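Shared between the two complexes below is chain A, which pairs with chain B and chain C, respectively.
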Partner chain A sequence: MAQVELEDVSFALGATEILRNVSLTIGEGECLALLGPSGCGKTTTLRCIAGFVVPTHGNVRIGGESVVNLRPNQRNVGLVFQDYALFPHMSVRQNIAYGLERRKVGRAELAKRVGEMVAITHLDGLEDRRPDQLSGGQRQRVALARALVIEPDVLLLDEPLGALDRLLREEMQVELKRIQRDLGITTVFVTHDQEEALSLSDRIAVMFDGRIVETGSPEQLYHAPQQRGVMSFLGTSNIWQATVEAADGPYLQLSSGDIRVRVAAETRLAAGATAQVGIRPEHIRISAEPPEDAVNIVSGRIETTVYKGAHVEVYVGTAAGIEFLARQPAVSTEGGGLRSGDPVYLSFEPGNVLLFPSES
Partner chain B sequence: MTDAGAASGVTLPVRRRSGGRSRRWLLIACMLGPLLGFMVVFYAVPFAYLAQESFQSWDGEDEPKAEPTFDYYKKTFQSSRTSRALTRTFRISLVSTLIALVICYPVALLLIRAGPRLRSGMLLVIFISLAASLIVRNYGWLVVLADQGPLNALLVGLGFTSRGLRMVYSEGATIVALVHYVMPFMILPIYGALLRIPDSYSEASISLGAGPWTTLRKVVFPLSMPGVFGGTILSFAICMSAFVTPLMLGSPATAMMSQVAAEQLLVQQNFPWGSAIVTILTLATFAVVFAYGWVIRRVMKADV
Partner chain C sequence: MFEDRGFQRVVATLGWTAMAVLVFPVILTIVVSFSGSQFIEFPPKSFSMDWYANIAKINKIGEATLLSLLVASLTGIFTVAMAIPAALAIARHAFPAKAMIVAFLLSPVAVPMIAIGIAILQFFVWTGLPFNWITLLVGHVVLTSAYPVRTIVASLTLSNPSLEEAAASLGASRWTVFRTVTLPQLTPGLISGFLFAFLISFDNYPISIFLVRSGVTTMPIEVFNYISQQLDPTPAAFSTIYIVIVSAIIVLVERRFGVISLSVRG
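Entry: the complex of A and B
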C-alpha cells in the first residue's frame, strides 16, 4: 500500500499526443476511477503506473520512489486486465501462485497465502479448475486474487467489469468494493462507465483527450461539476446556451429566447456574456398548472415519455426550441397522467442550476 | 455431432427444414471430397499395391512365388545397409527437426514482435525460399560447403583451420540442407500459434514479477505448443521421406531410407524389397507421429 503520484506525465506516439501533462495523486488506500470516453488516454495512464508505457515526459512515483526507470516486473503492482488474461494452461491455484513463485516464496508460505486469497475472493472449491471451466464472475475473481496475492503497492484495474453482464456486474461491484475496503489497498481503475465510477470509487478523475479535466468525489462531480463536459459525461443532463441579463438579488438571471433562468451563482458575469446553463433531469418538477412558489418556470409541451420502471423520462419541447428531459418517479396510473402533447410547466430550484461560464 | 443436430432440430425447427442431416453430410462430402479422392487414388491405392508387393518373394525371375512372406522385412532389419539407413534416417530427421525448432522459434517470436514492414519482409523471404527449386537450393549448399567454397575460405581466413574442411557429401551437410528446407514448415505453424496468444498474457506474467525469459518459458512456449507440435511433425515427416537432399549432399555411405528403397526399386529391380523398405519407412513415420502426439497430449497436457 502506497501513495501513487503522477507528475506532469506526457506520452506521445510519433506525432500523436496520447497523454498531455497528467498530474494526479492517489492517496494511500484510496480508490480512484479514471473515467473518460474511449481513446481519452485513461488506459495509457494506467499502463504508465504499471510500467508498460514509459512516459516521454514527467515522473511516476509509487510510495514516494520514482519508478519511471523500473521495468513492469520490478514494480510491485497488481494489474487486472480487461480480458483477465488468466493463463489458460494453469489451474486457478497455479494462476494465483504465479506471482508468489516469481518472488521465490517458500512452499508453506505460498500455500498459506494462496489459501487466504482464495477465501477472500470466494473461490473455495474451484482451485483445481482451469480458467475455461469458470464463469465470467469467477474468472474476474481469479484475476483479482492473482493480482492481490503478491501484496502489491497499488492495484490497477482495466475496465474491471466490462466483460460481465449487467446482473453480475452489480454483484461484482459490491464484491470489489468490499475487497478493496477490507485490504485498504490503493486502487486505480479505468472505466468508461460513469455508473461504475460513481458507485465504486472514492474519487473520480475525468479524462478527455489525454488530459485530466476534473477530479473530485463522485458527489462533487455529479452535483457540482466545474466543466460542462464533465456534467454531460456523468449521468444525463439538460444543457443549453444562454445570455446573462442582470444580477437579480442573490440570483443571476439568464435568458435564452423566452426561457428565463435564475441561477444561484457565485460567479458574477457581466450582462451580455454568454454561458452554458445545466440542470439534471431529476431536479425538474413537472406540473399541469404553473407552480406559485417556483423561481424558475418554463412552459412547454410533452413530446414523448419513456417508462423506465422506477421512473418516467419525460421529453418536453419549448417554444425556444430547447428540449428538456425531466425524470419523474413513476406512479401506478398508466403513463402517470402524462400524455404526449399535454401542455406542462417545468420548475426547478436556482440552487440546482449549474452555470459554466468558461466555455462559450 | 448427432446430439448437436438433434438439439438444434428441437430448438430451431426452421433449420431442420432448410438443411437436414443428409444435406449436411452432402456439404461435408463436397468439402472433403476432392482431398479424399486424391488421397485414395494417388496415395492409398498405390500404397496398398506397394504393401502387397512387399510380401511377395523375388528370385530374379519374372514370376513371383505364390506364398506371401515376411522375408524382405526380416532382410531389411538384418542387412546392415538397410538397418543402418533406417537408424540414420531417424537420427538425421530428429536432429534436423530439433535444430530447425531451435532456429525457427526465435524467428517466429520476432515475426510477432516485428513492425508491419519487417514482418512482411521476413514472410517474403520465408516464402521465396519455398518457391526456389529444391535442386537449386541444394546446389547452393554444395557451393557454400565445397572444399574451396566460401565457408571454408572464411574458416581458414579466421584461422580456425589451416586447410579447408571436407564438409560436402556427409551427414552434416545433409542435415544443414534439410534444416534449411523445413524452416518455412516450422516457422509458419509456430507463428500462427503465437499470433493466437493475446499480448495481455505476457503482460500479466511480467506484471506479476516474471522476467522475459520466465514469461517465455512458463506462458508463451506452453501456449504455443499446438504450433510447435504442428511444425515439428511436418518437419520430421518431410525429413523422414527426404530423397533429393541426401542424394545431392550426402554420399552412398550416408544414404537415407528413401535412397535405399529407390536403389532396390529403380536399380536392382527388386520390387518386393523396395516395397518392404518403403512400407517400413511409412509405418515408422506414422508410429513416431502418433506416439509424439500422445506424449504431448497426455504427458505434457498440452492441447494440440
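Entry: the complex of A and C
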C-alpha cells in the first residue's frame, strides 16, 4: 500500500500528444477513478503507473520513490486487464500463484497465500479449472486474485467491469468495492462509464483530451462540477447559454429569451456577460399550475415522455427554443397524468442551478 | 446468395469432388498393396500380404529410411528453432523493409523445387564442400524454412499480447515471460511447423536427388529407383504403412493441439 503520485506527466507518440501535464496524487488506500471518453488518455495514464508507457516528461512515484526508470516487472503493481489476460494454459491456482513464483515465495507460504486469496475472491472449488471453463464473473475474480496476491503497492484496473453483462456488473461492483475496502489497497481504475466511476470510487479524476480537467469526490463532481464539460459528461443535464442581467439580493439573474433564472452564485459576473447555466433533470419539478413559492419558473409544453420504470423522463419545449429534460418519479397511473402537448410549468431552486462563467 | 440452395449444392458437389480426387489415389494405393497380382491392377483379383514381406527387397530400404528419418527430424528441429525468432520479429515488431523480408522468408514455398535443388547443388559445388548427409540436411532446411515461420506467426497472431504484459506486471523478466507465457502459446504453431518441415523433408525427392552422392541415399530415392525397375505393388505396401503412420500422427496431434485449423488460418 502506498501513495501514488504523477507529477507533470506528458506523453507523446510522434507529434500526437496523448498526455498533457497530468498531475495527480492518489492517497494511501484511496480508490480513484480515471473517467473520460475513449481516447482521452486514461488508459495511457494507467500504463504509465504500471510501467508499460514511459513518460516523455514528468515523474511517477510510488510510495515516494520514483519508478520512471523501472520496468513493469520491477514495480510492485497489480494490474487487471479489461480482457483479464488470464494465462489460458494454466489452472486458476497456477494463474494466481504466478506472481508469487516470480518472487520465489516458498511452497508452504505460496499455498497459504493462494488459499487466502481464493477465499477472499470466492473462487473456492474452482482452483483446478482452466480459464476457458469459467464464467465471465469468475474470470474477473481470478484476474483480481492474481493481481492482489502479490500484495501490490497499488492495484490498477482497466475497465474492470466492461466485459460483463449488466446484472453481473452490478454484482461485481459491490464485490470489488468490498475487496478494495477490506484490503485497504490504493486503487486506480479506468472507466468510461460514469455510473461505475460514481459508485466505485472515493474520488474521480475526469480526463478530456489528455488532460485532467477536474478531480473531486463523486458527490462534488455530480452536484457541483466546476466545468460545463464535466457536468454534461457525468449524468444527464440541461445546459443553456444565458446573459447576466443583474444581481438580485443573494441571487444573480440571467436571461435567455423569455427564460429568466436566478442563481445562488458565489461568482459575481458583470451585467451583459454571457454564461452557461445548468440544471440536473431530477432538480426540476413539473406542475400544471405556476407554483406560488418558486423562485425560478419556466413555462413550456410537453413534447414527449419516456417511461423508465422508476421514473419518467419528460421532455419540455419552451418558447425560447430551449428543450428541458425533467425527471419525475413514476406514478402508477398510465403516463402519470403527463401527456404530450400539455402546457406545464417547470420550477427549480436557485441553489440547484449551476453557473459556468462564459466559455468553459 | 450464400443461402441459396442451388448455390449450396454446387459448393457441396465441388467440395466432395475435390475430396474424392484427393483421397482416391490413397485408397487405390492401399487396395493395390493387398493384391495378389505381380502387377499393379485395380480392382485386384486376389488377396495377398506378400508385398509387405517383399518390402525388404527394396535396395537399402532400412538404411535409407533411417537416414530419411534422421534428416527429417533434424530439419524439423532446425527450421522450427530458426523460425521462432523470425516469427516473433514479424508478428510483434515493425522494422525497415519488413514486407520484403517476409516475402523473402516465405519464398521457398513459391519457387519450384527443381530450381531450389539446382541452386543448392551449385552452391555446394562452388564451396567445394563434400556431399554427405549434412549437405542434404542443409538443403532440406532451406527448402522447408518457410513453413514453421507461417505457422508460428499464425500462433502469435492468435495469442493475446496482454498475456505477456500481465506476466511482466506480475514480476516476470523478459526471458521468463517468453518461457512461461509466450512459448506455451506457440505450441500449436511449433508442432504444426515441425510436422510440415518433417513431412516435406521425409518424402522429398526433387531436392534430395541433386544432393545425394554414392553411399548416401534416402527413402524416396530408393522407392523411386525400385519403381523404375519393377512394376510389382511392393512400393504400394510400403506407402500403405507410411500412410497409416502419418495419418495416426496427424490425428493425434490435431486432437491435442488443433494444428490443422491453425495452418488453414495462417
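Simple rule for what comes next: the second predicted complex is superposed on the first by the 358 of 360 C-alpha atoms of A that agree within 3 Å, B and C clash if a C-alpha of one lies under 4 Å from a C-alpha of the other, contacts with A are read in each partner's own complex, and residues count from 1 in each chain.
Everything below uses one rule, namely that a contact is a pair of C-beta atoms (placed from the backbone, for glycine too) under 8 Å apart; a residue touches a chain by one contact, two chains touch by 3 or more.
Here the structure is a predicted model, which is why all the values come from computation and not from measurement.
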Chain A as common anchor, with chain B and chain C clashing or fitting: clash
Touched partner set for A:Ala247, first chain B, second chain C, both or neither: neither
Chain B versus chain C as contact partner of A:Ala320, first or second or both or neither: neither
Among 9-17, 153-161 or 171-179 on chain B, the segment whose C-alpha atoms clash with chain C after superposition: 171-179
Residues of chain A at both interfaces, chain B in one complex, chain C in the other: 50-52, 71-73, 77-79, 81, 83, 85-89, 98-99, 102-103, 146-147, 150
Of all residues in chain A, those that touch chain B in their complex: 50-52, 71-73, 77-79, 81-83, 85-89, 98-99, 102-103, 146-147, 150
Complex contact set, residues of chain B against chain A: 198, 200-201, 203-211, 214, 218-219, 222-223, 301-303
In the complex with chain A, residue positions of chain C that touch it: 160, 162-163, 165-173, 176, 180-181, 184-185
Touch list for chain A against partner chain C, complex: 50-52, 71-73, 75-79, 81, 83, 85-89, 98-99, 102-103, 146-147, 150
